[in-house]
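To keep things simple, chains are lettered A, B, C and D as they appear, and every chain counts its residues starting from 1.
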Amino acid sequence: MNDSKMSAASFRALYDRLRGQDLWGPDDRRGALNHITPQRVIAAAGEVRAGRTVTLAAPLARSGPDNPEPGARHMKRLPAEPSDVPGVSFAADQITMSVHGDVDSHIDALCHVSYGGTLYNGVPAGAVTSQGAAELSIEDARDGIVGRGVLLDIPRLRGVPWLEPGEHVTAADLAAAEQAQHVAVGPGDLLFVRVGHRRRRGELGPWEVARSRAGLHPDAAEYLAERQVAALGCDSNSDTAPSVVDGVAFPMHVLAINALGLHLLDYLQFDELVPACETAARWSFLSVIAPLRLPGGTGSPVNPIAIL
Amino acid sequence: MNDSKMSAASFRALYDRLRGQDLWGPDDRRGALNHITPQRVIAAAGEVRAGRTVTLAAPLARSGPDNPEPGARHMKRLPAEPSDVPGVSFAADQITMSVHGDVDSHIDALCHVSYGGTLYNGVPAGAVTSQGAAELSIEDARDGIVGRGVLLDIPRLRGVPWLEPGEHVTAADLAAAEQAQHVAVGPGDLLFVRVGHRRRRGELGPWEVARSRAGLHPDAAEYLAERQVAALGCDSNSDTAPSVVDGVAFPMHVLAINALGLHLLDYLQFDELVPACETAARWSFLSVIAPLRLPGGTGSPVNPIAIL
Amino acid sequence: MNDSKMSAASFRALYDRLRGQDLWGPDDRRGALNHITPQRVIAAAGEVRAGRTVTLAAPLARSGPDNPEPGARHMKRLPAEPSDVPGVSFAADQITMSVHGDVDSHIDALCHVSYGGTLYNGVPAGAVTSQGAAELSIEDARDGIVGRGVLLDIPRLRGVPWLEPGEHVTAADLAAAEQAQHVAVGPGDLLFVRVGHRRRRGELGPWEVARSRAGLHPDAAEYLAERQVAALGCDSNSDTAPSVVDGVAFPMHVLAINALGLHLLDYLQFDELVPACETAARWSFLSVIAPLRLPGGTGSPVNPIAIL
Amino acid sequence: MNDSKMSAASFRALYDRLRGQDLWGPDDRRGALNHITPQRVIAAAGEVRAGRTVTLAAPLARSGPDNPEPGARHMKRLPAEPSDVPGVSFAADQITMSVHGDVDSHIDALCHVSYGGTLYNGVPAGAVTSQGAAELSIEDARDGIVGRGVLLDIPRLRGVPWLEPGEHVTAADLAAAEQAQHVAVGPGDLLFVRVGHRRRRGELGPWEVARSRAGLHPDAAEYLAERQVAALGCDSNSDTAPSVVDGVAFPMHVLAINALGLHLLDYLQFDELVPACETAARWSFLSVIAPLRLPGGTGSPVNPIAIL
């Protein structure tokens, strides 16, 4: 895998090139969401042909090597217990979740990644304080991210059940998958890339993904920019581990979120989407991503829905 | 308002009548979601004509008389601080939320309401334990609730800015609003009823809504059943306070969730949807509700999206 | 109450005078805990004559005007439900608490207060990051704060049930209370000052204490320094509201914690201690304060124990 | 280790014998705390001879195989950030903790263990609901548990650094340790038993203690009853794993908490106490245990203090 290595200098040049495109001016806070236009939303609705809906999220996970600080759900009221109001009783609970863990499905806001002291579009890292993000919070996506979703299935392309931790998806892989699946990724699309992370986890059990993880090679960032993708989701967290770039731990996070302004969706699951796409013999669909409304939030747990 | 009162006996008869329709057999766990068919989803996608998306949720609220146990978002990492990984730093946070409060937008699962010792469709109340709901949890809606949304705006009908706490929306009001807005609620629709709760809160400030609240009159439940509505959302919590039924605190929760198997969406906001509908001169749209995947959960915070 | 006002300049001079005593050198992190010596601990144990123990904390409070972000306790397991281990079942819960609220009894660590850009003893404010306090955390009191406790009861001195919000306890009041109660506060003592906050709350109900609160006048700080008190607890939070110092919101917090290195204990309760002292006809006792071991913590919920 | 096995019948007989002593009548809710008398508290204060205080708790632990649901501390305010009040800024945080984990030091309330459908002294298991314990909560120990502490160091007795997981401390071991350490455990004492759990964890790292753990053999319960111990603390959780009793997972918890009414303290640490006792050439001391005031609570995180 030595060939996959990218030097720090090459990475920096790639970052500068992508960052420098500056498509929407210095005040922009929506990033690649700008690729989504009303016309494209209307067109995306046309993808609904079977009337079938599928979740792209995984259920809240228990503690494990990829989940050292698990979310929790605790009961506040049980319906079988005496009620404090007349004639009816309730089941009620409360939840606690860390937004950016290594197993629960979530979306990253554009404030999530600082590189060289700034967030997306030059916003100072200090815009995020203990009170939350004054700019680039997940509230910027409060109206949902709605568009044509496209799933590229890399294990299918390679004829394997999953990519092994540390393996990469390159720009060439993405292009090859498009060809194999007879689908073309285009402007405003919500791109979902399957590396088989969830299937591997299901069959072999969880592992310490912070150390070893399949994902996208940084060269795929250029592909994302060219295709004018509006958001990127993966069943891993888009970044391989260990990193292929010396001295930069999460190069795809830097390139996608910080340089391109792409909202990333991490740790999605495509186990039901794949067979649904096979049945439909199509790999595109309407997709709706609805982050919770968390003012100042760095992201949100999320359940993206595909509608075929 | 004495005319609005419903006797306990009448309520019980209404409950029995609605409950007794038993449309989907004793093993059903999806309730009114069964009204959503592939054909109706396809038709709903046809509602997308302007390509505009709008949130139907309110931002996470602070403490107040309607929010004694507020949700919270706390920072875990700040991007301006030294990073523990090379070349990049992150903003990260965690959230804590009670699901069924009186201000944050959320969806109620079918396990939420027990009446006469049982949940929806006769499931024993004891199916919900300290470990969560063994049946009827919010996971039953994991693939999203997708369909044609219709907004009925009652303050518009009455020519008032909002309904005052304690005022009711009857079946007749709903029918009148349909006529006034030139829209007909039908099978599989996701019905949103605006009582103006959010606007009142915005202009007058929060109050103790547990004691006084505008909502639907129990007679509206029959309308919901006849129209075969698939889900019901309100900018209040659908139930008036105080209750119009002696001895039953939340009659609409009982009728809608427990008898009809309707997922309720509480404390939504329609402040952006109303002008969007006015601009579009239409009160129907595609709507996507995507609860978080919380196994055993009694509901979920949620951000429903309207796509016009 | 105009006479009680302290000018910003006087406050600054007082701060500088107290701060400048610099009793334990620039590397000190224990502050006034240094006043506690083994000999004084041994002597304090001699205060135990009745063998009676009394809590100085109040029970976890519910939401209210003085508690907008209440702590919570949620059940994780119920003993009446089926157990996942053989032959036994358990009751278990979990807690969530904000440390520095306006009603739950807690201790402030020396990192709690920054004045002029520094914490106690010149430690930069930046020593506290999103990861916690690198210095001056509550762990510095991990071995407990043990010494002779003395309770000075100001409402008793004045013949009133409680001090009204906004009223002050001056150095002269403290000296007068000593005389009236026949007790002398001395080096290493843990001083408890009762303003009657809890009794007022119990009889009149909670109010918005962030705006109006009885407490100590800043001139009492000099008294604390002279007497070489090791810690200070109050049934309010030691500071009056509104502040008597223009431009400084919590002057006693600044003087006590930041200048003198005194751990403050806020919102204690003395309802059982007062009658116990009356019965014993003594106002001194052995006192043990045992903060939780929270690395990096800015304080801790706490239950100080008086042993008479 | 087959010799260590106790049959289910023997265990049941032992339980009935201990339970049947019924020392304080059917309404008692304090259990073995009744062994603590004013005279014994006064005598315990006489143990303070060196004026040294030592924590018996461990710092809040991170995630690990013995800590799948770790407690957390999150920052709410940072003192280096702009303040919302004049002239001063604050560091503030909040904590979340599960009370009965397998690593953080805590105390078990008498409601913690149900055996045969009842809690201590025949209180029905249903006294604990989703709202907490209506009886036998940790509030029953709100005035602190204060008495003579005695540390019995079993690894010292055996000449080993620690007991291996699965090894037992029998009644005979406790008696032998008393003799070796020249100390006699008596009525009202707070007994601390060191098995070396913390030292092993520190040197070898954490392991899955739910499966293998050193602790006390059930036959030690009779010793605890005879000596009229008031509370029992251990650096493990008092129970061995796997259990030596077929069909009963935590026999010591059942015998100590449920039959004898003993508050248990789990996962303490004695690393500083052992050398302090060695220096003092004594194994007894004054001990103060101060649970947080958690109404309805099943226990509390705690920092017991030894005062030598």
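Criterion: contacts are C-beta pairs under 8 Å (C-beta built on N, C-alpha and C of every residue); 3 or more make two chains touch, one makes a residue touch a chain.
These figures come from a predicted structure and were not determined experimentally.
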>> Give me the set of chains touching subunit A intersected with the set touching subunit D.
In response: B, C
> Is it true that over half of the residue numbers where subunit C touches subunit D are used by both copies, so same, or is it different?
Replying inline: same
> In whole angstrom, how far does the Cα centroid of subunit C sit from the Cα centroid of subunit D?
Replying inline: 28
> Roughly how far is subunit B from subunit C, going centre to centre by Cα mean, in whole Å?
Replying inline: 45
> Using the average of all C-alpha atoms in each chain as its centre, how far is it in Å between subunit A and subunit C?
Replying inline: 47
> Out of subunit A, which residues touch more than one other chain, so two or more?
Replying inline: 72, 75-76, 78, 94, 96, 129-131
>> Quick check on the complex: what are the subunit A residues that touch subunit C?
In response: 72, 74-76, 94, 96, 130
> What does subunit D use to touch subunit A in their complex?
Replying inline: 62-64, 68-70, 72, 75-78, 81, 96, 129-131
>> For a test of understanding, state which residues of subunit C touch subunit D in their complex under the given definition.
In response: 37-42, 45-46, 48-55, 57-60, 73, 75-76, 78-80, 85-100, 105, 109, 111-115, 117, 119, 124-126, 128-133, 139, 142-144, 146, 245, 247-250, 253-254, 272, 286, 288-299, 301-305, 307
